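Below are the structure tokens for one structure; questions will follow.
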Amino acid sequence: MVTVKELDRKEHWLPGHSACSGCPASLGLRMLGKALRGNFILVVPACCTTVIQGIYPCTPSQVPLLNIAFAATAATASGLKAALELRGVNVPVVAWAGDGGTVDIGLQSLSGAAERNEDILYICYDNEAYQNTGIQRSGATPYGAWTTTTPLGKRERRKDAPWIVAAHKVPYVATASVAYPLDFVEKVQKAAAKKGFKYIHLHAPCPTGWRFPPSKTIEVGRLAVETGMWILYEIEDGVFKLTGRSKALLDPSKRKPVEEYLKLQGRFSHLLRPEGREALESLKLQIEESWSEVGKLVRGQP
Amino acid sequence: MQKTVISGNEAVALGVKLAKVQVVAAYPITPQTIIVEKIAEYVESGELKARFINVESEHSAMAACIGAAAGGARVFTATSSQGLLYMSEMVFWAGGARLPVVMAVVNRAIAPPWSIWCDHNDALSQRDSGWVQLWVENVQEALDTVIQAYRIAEDERVMLPVMICLDGFLVSHSYEPIEVPSQQLVDSFLPEKTPAPYWIDVTNPRSYGTIASPETYMEFRYELQEAMEGAKRVVKEVDEDWGRLTGRSYGGLIDLYLCDDAEVVAVLIGSWAGDAKEAADIMRSRGVKAGVLRLRSTRPFPAEDLVEALKDVDAVAVVDRSLSPGLPSILLSEVKAALYEHGAKPYVKGFIAGLGGRDVTPQDFVNVFERTLKGFKKGETGKVEWVGLRGVGSGHR
Amino acid sequence: MLYEICFNARGGQGAVIAARLLVHAACLSGLWGQAFPLFGGERRGAPVFSYARISDKPVRLRSQIREPDALLVFDRSLAKSGVKVKEEGLVLVNSPSRPQVAHAKVYWLDATSIAKKYGLVFAGWPAVNSAMLGAFARVTGIVAINSLLEAIKSVWAGTLGDLNARAAEEAYREVVGGA
Amino acid sequence: MPEVPVTAIARPAKGSAGRTGLWRTERPLIDSSKCVKCLLCWLYCPEGAITRGEDDSVEVDYEYCKGCGICANECPVKAIEMVPEAI
Amino acid sequence: MQKTVISGNEAVALGVKLAKVQVVAAYPITPQTIIVEKIAEYVESGELKARFINVESEHSAMAACIGAAAGGARVFTATSSQGLLYMSEMVFWAGGARLPVVMAVVNRAIAPPWSIWCDHNDALSQRDSGWVQLWVENVQEALDTVIQAYRIAEDERVMLPVMICLDGFLVSHSYEPIEVPSQQLVDSFLPEKTPAPYWIDVTNPRSYGTIASPETYMEFRYELQEAMEGAKRVVKEVDEDWGRLTGRSYGGLIDLYLCDDAEVVAVLIGSWAGDAKEAADIMRSRGVKAGVLRLRSTRPFPAEDLVEALKDVDAVAVVDRSLSPGLPSILLSEVKAALYEHGAKPYVKGFIAGLGGRDVTPQDFVNVFERTLKGFKKGETGKVEWVGLRGVGSGHR
Amino acid sequence: MVTVKELDRKEHWLPGHSACSGCPASLGLRMLGKALRGNFILVVPACCTTVIQGIYPCTPSQVPLLNIAFAATAATASGLKAALELRGVNVPVVAWAGDGGTVDIGLQSLSGAAERNEDILYICYDNEAYQNTGIQRSGATPYGAWTTTTPLGKRERRKDAPWIVAAHKVPYVATASVAYPLDFVEKVQKAAAKKGFKYIHLHAPCPTGWRFPPSKTIEVGRLAVETGMWILYEIEDGVFKLTGRSKALLDPSKRKPVEEYLKLQGRFSHLLRPEGREALESLKLQIEESWSEVGKLVRGQP
Amino acid sequence: MPEVPVTAIARPAKGSAGRTGLWRTERPLIDSSKCVKCLLCWLYCPEGAITRGEDDSVEVDYEYCKGCGICANECPVKAIEMVPEAI
Amino acid sequence: MLYEICFNARGGQGAVIAARLLVHAACLSGLWGQAFPLFGGERRGAPVFSYARISDKPVRLRSQIREPDALLVFDRSLAKSGVKVKEEGLVLVNSPSRPQVAHAKVYWLDATSIAKKYGLVFAGWPAVNSAMLGAFARVTGIVAINSLLEAIKSVWAGTLGDLNARAAEEAYREVVGGA
């Protein structure tokens, strides 16, 4: 287990960029930089991270960064990696995309790269909506959440990207959370050391889009895990394993009530009002379903 | 040089091999498919040391090419019609990013209705994308132009992606005897790709393509326009160089056939130039001085060369194999605009023909020449006429 | 000189390769040529049309052949395909007996039997192309039989080339008709 | 690499969005006497605006600190206080 | 009629509601997003009885619109820039399929470099797609044009999709006081959508868009061209009708400002027409007869109306907010081509300005007028000039 | 269980179309027509079925059919269904796409429609390559198979579309095979009766692309199932069930040796030669893996 | 629906690809004396070229039968024989 | 008459809505107007610029405002933003005391305190827009305070509207400066 003290002291993502105050994406980028000690190349599609970079001619990135079109991430990373290999440059190529750019418009390119088992690390930072364009629903937006395109709460359940990627039988799939940076760092390091397609899905509570004060980014992320709304796990060469805080939560009685998570966030406020009761029950049911699937996997493991 | 009988598609693949392309990412589509298959074979057999990325769509094909080009590799892809439209966002991206990607577009009509046959609407639909667009007439030129394309794309004065347009089936599937340049010759003509000027370098980290505010964006576009001016020079130079080495050159930006003394000239792009040239011969045998001006390049649009070639011509027929619905016709506009400047404006008449693979014969071109001369003599307007239209007006509506 | 040929055949009979082979052979005879299919996304078994032009100078035409100098019919059932041959042209049909063709100059040979004899059957289809070309070489004299044999061997290596060459030679000998 | 600005090629620099310290409505004040050098504030600061000294002491870079308050919220010993900026 | 202060985006959404659109499928992109959000609100609140399909990309947005339109519904989508390019294949599909889809394009520059600001390259990149393209100047016109668009698209003589282009931020995010027509008025102007002429009917099964061989494809394209001719008439009629009902009409295909007696006219599209009109006033206050010709429609390209309006003008400035690299400029070509026919060809000079949101002021237009007149008087060529370029040439390269 | 005798006598897909002789796609279309008694609407992207229709002005389809661009299937079907619902026309909309159009270029649109739980039936007929363009590799091409773009055999494993769709938690996912038409018919009927997104993945041995004689389409399809290369199952509201012939094959000893399946097909011929031994072993391993996953699910089922 | 051919709208008809019976190299012959009316040939024919009578007897539509041989391959009682067409 | 106004503010202070409100109020006063942001994908907390034009006839301009008649500074820290105000124009700053601004005509008021007083604080940001506009109405007289109050109430329903209106009124009374 990596400790805080061991973390790279250098900042590879410089301060003074355009992220909102309390932004989970910039925290993720900081940690990514430290995990790989600045020795990697970023590929970034349209998302908050495009804007976070600020405006030409300056950038906060101390690693080479290729901005690319929204739907193109994984394919561009594949091409870039191919070129570097031909040039004998052995540096990890890390695709860094939002949830919309991953589970919606970038899914095809992601799936293609996964099927080809391209030697890249794909990280989806999941702030559960199109935040850059002002909080529209994405496939990853959870059931019940308000966004500007789901004014009464989303009616469909979230698309489960890590499962979808896992169905491609790639060498490494993991979930993580910005609230557990050391767990994330460790997963990044493990992934980067493997050959082939690696996928990490990073939960990233966004104060702007989820409507909570910027000081609570970590708190909200922690509650997502503690209430079981977000599950930390990894699938290494097909073997499923709960990790970190989630290890202890298979027993439902160990989980905090989901209301504790919801009540911090403006986007869920209607769920806690009487008219939201039914939706809240649905949501709880979905959490149970997810854990019961996890249970099957954990028990079915050799 | 070795002689062989191969198809246009095979010639493109051979050109790719000779150019020592390093990364290929492509997706199949009729009538381009054989290019992709052939390259896959070269790569698998080790004849071409490259990575072949079997992408899941054309958008990803171009995305992968962009990634690879930004990473410093020499890259190639090919597509047609729907595939080109599907990757359009990335086509514009490659142009804006100034990456020397080379792509063959095997021209095919756009659906619906579905058609796999030749017209030029696909490539022309990308004429604003910042790509140099070169059009070939036959199989030999297809091969030669692939090799030329890399010299052009990678030239410091250009640094732009290059599209090679060849007519679907008419060139792509036609087998013709051609001369194959030796690898040595090609190597001497086309230097090995160096990672510069564009490459990702961990020791000198940069962010590519960040947001440009209204204060800076426009200048990047101006540079792009300047690069196109550069391309005008470079396309000619490269073609001349190639001519010196192989004895084959194609006129640079425009290919002139009997235009010197012509009274009537047909302006067009693509492989039917051959049929038009036959028609010009027929006209001349009848005492009419006809000529053919084939644009090899539509971007940069060779306005100066075109005006120079047409300045003493009485009548010009612009024959489009494409349609921009709501505009009389595409090349016609650009040719007229180029001539507008010029003092003695020739009579210009537009024709649309050959859409969706409709057959067009030398006789059709003879008619085009005659119709144009008649229009000129009678002082008619240059109203666009459609060649070989069937059953329209008579209850078709 | 410009000599235009149409090939009518069915999916597995090798008409597209035939056109190409012919151009190859023509080149070896010091001529130019061009071969092209009428492509329509055909499926196995469906009729296939292909074309070739042979000339003493580079062929510039891209338009379809409407009135060929020669029509090669690989399958009797396609003899009435509606292709109009030039008056001074010829029709060559794969048929064991004189085919019913409304044209002055008709040749025929049992190319199917020849193909079968040399084991040239693929996926149920006798590949009659080499035989048809052998006959064509004979009745037109435009390409030398030796050029044809050379072309055949450069397309198919080894035994397959030999067998095809032998089929072509046999057809060269066997073709009949002409009046 | 020739620096031909044919497209937007940006170079790394602090303050790519200007002096983001101006965004603050509240300012984190670290009480170093309370601090146990756990480095959690440094770990969690999304801006990278907490500098970590050789001795793992921590300091805020007010030039860029946006005042989100995460450091204060996460400090296990409440060594960080958020005080209003004059706006 | 009710008065209110809303933005261009909100006006578009309001138009969609008033037009009783039945299916909306759209994907967010700056600066279009607010249209989508607003419609989502209308739908969720029940104010608009429609299905809102939250697609996962723009390609699917247009695909869903096509499915819904083929199914007989009145449909709408909106996008910008990258989104428009990403859906390009389907944009062409809707055109070829002749489906009366209406789409708002909130004009934004194309990447890279990333830019969210206004220029016209996005919508113009689709000018061959078979869509009617209408451009608006202000918020009121945005609202009115959405409603007009459905009348045009669904007219039997047209049956084409219609694109409404509004300048990103400049119109989309500008709040202006406008008059909101009543639902009754709109209902009387725009009949309810009937499933015919295009709909899937189980009792009369048909296959739509099967393969068309070279024997038939071309005629479908001819019909498309004829439909554009139809659109020329219908756009005018519909605008006149609207004018009768509301007192507001916009000149049909072209909006003329002080062109009647003008010696110099600026031709352009989009919202900066307002700044140009201010400049024309300034010129006139200085004794120069300047005018502004704003094309409301680029497809169909109103060649006849344009020629009629410019035939007695000395000098014409065509000001493009777009670039087709390798061509002097886009509208310039089309305008020159239209004028080519015409006997007395005015002097025409091209300008490129405002790319990537670069600010353009009335003073800039004053300069354009002056520069054009000077060019005319001095008999200069019409070489394109870039307005407000910075630091280029001086080491920028 | 539907019997042959009960099948709709009417042909809804008329003979005399352009499919190759022995074509599995046209057989599938015939069965689909019978299953729904001609009362449905087809949406068809670019694939063999585009060409099978023949050329304007005739079509073999007796049901309304909307041809659409390659990547657009599921979204177009969604839009069409929405319009029909508004018009009060209650007819199933069936998307019918090839494997390439499903697992590669059409995946994103499919995934989007699945996430939105659109009320459509999506059928992928899987001939395991881009057959229409002349046998290029698709994501669904199995490991080891020759195609024109994998001249030495595909090196990656097949993308598993039904699993990917199942990860979206839609009401119905099933596999089927043209060799078991009655099983297919039954699944179609079951799916059509459900509301929401339904997915059927139909194995479709293609004589042209797989290089076997057209008379063996059914035989090859049967062997795929009997050797365990293709598994018949359905997942109804989350519950996994082996179906038909596959029910009996969880025990590996009941399965025929995979060589029996491979040897009929030209595309696998190199696997049966000495140099293909390693690849053959990999392939067998993959089969075992798939079955072991199935085993977990079957056993883990409530 | 007004039949305005604004785009390709095709109507259902047998033989959209012509008389596909011409594609055959072999012809299926059903020996009705052997046939047990199991209908498997009818079920499996990809072309729909086997017609099913009221009494479940089967017949080949040679106009369109492409001669694939599936029926013969699948007939459980070998009541169908493939005989070469004269090509 | 054409009166141009620039608003300099930070993310949560409501400058975009302010511009819009002002136009609304202008319309209610029988004038025309146009409001627009300088949009740059700003993030919460970052500086925001917005603009308004007020005129007695429809505004046709789309270009940026370079030299406004009035500059409204919502946050003292932005007072030195580089916006050049017309000589005869004015600067109005949210500041408890006379701000350091190099312009002849400067007004100020403690809009932050007023906003806080009426509970107009959202996500930590005092929404000073209504107060600033109230002061603007007073110092320019271009829009009537009643029109402004009406506009405010049409934008925010219920209590929120009331509170904003009261903030505007208080600011109208409190603003000082001018020389």
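Chains: A, B, C, D, E, F, G and H, in written order; residue numbering restarts at 1 for each.
Note that in this section a contact is a pair of C-beta atoms (placed from the backbone, for glycine too) under 8 Å apart; a residue touches a chain by one contact, two chains touch by 3 or more.
Because the structure is a prediction, the values reported are computed rather than measured.
Least step count on the touch graph, chain B to chain D: 1.
Common neighbours of chain B and chain G under the contact definition above: C, E, F. Ranking all chains by how far their C-alpha centres lie from the centre of chain G, first place goes to H. Set against one another, A-H and E-H show the most C-beta pairs in contact at E-H. Mean C-alpha position of chain B lies 39 Å from that of chain F. The distance from the centre of chain F to the centre of chain H, with each centre set as the mean of the Cα atoms, comes to 63 Å.
Chain geometry summary: the mean Cα position of chain C and that of chain G are 32 Å apart. Centroid to centroid, with C-alpha atoms defining each point, chain D and chain E lie 47 Å apart. Multi-chain contact residues of chain B, defined as those touching 2 or more other chains: 30, 54, 56-57, 59, 82, 86, 89, 93, 96-97, 111-114, 116-117, 199, 201, 205-213, 216, 220, 223-224, 227, 359, 396-397. Counting partner chains per residue, chain C has residues 40-41, 45-46, 124 touching two or more of them. Touching of two or more other chains is recorded for residues 4-5, 7-12, 17, 20, 23-24, 66-67 of chain G.
Chain H makes touch with chain A in their complex at residues 40-46, 123-124. Within the complex, the chain C residues that touch chain B are 19-20, 23-24, 27, 32-37, 39-41, 59-64, 66.
For chain F in complex with chain B, the touching residues are 46, 50, 56, 67, 69-71, 103-105, 107, 130, 132-134, 136-137, 139, 148-152. Every residue of chain E that touches chain D in the complex is listed here, in rising order: 112-114, 396-397.
Remark: chain D residues 8-20, 23-24, 38-40, 42-49, 52, 56, 61, 63-70, 72-74, 82 touch chain A in the complex.
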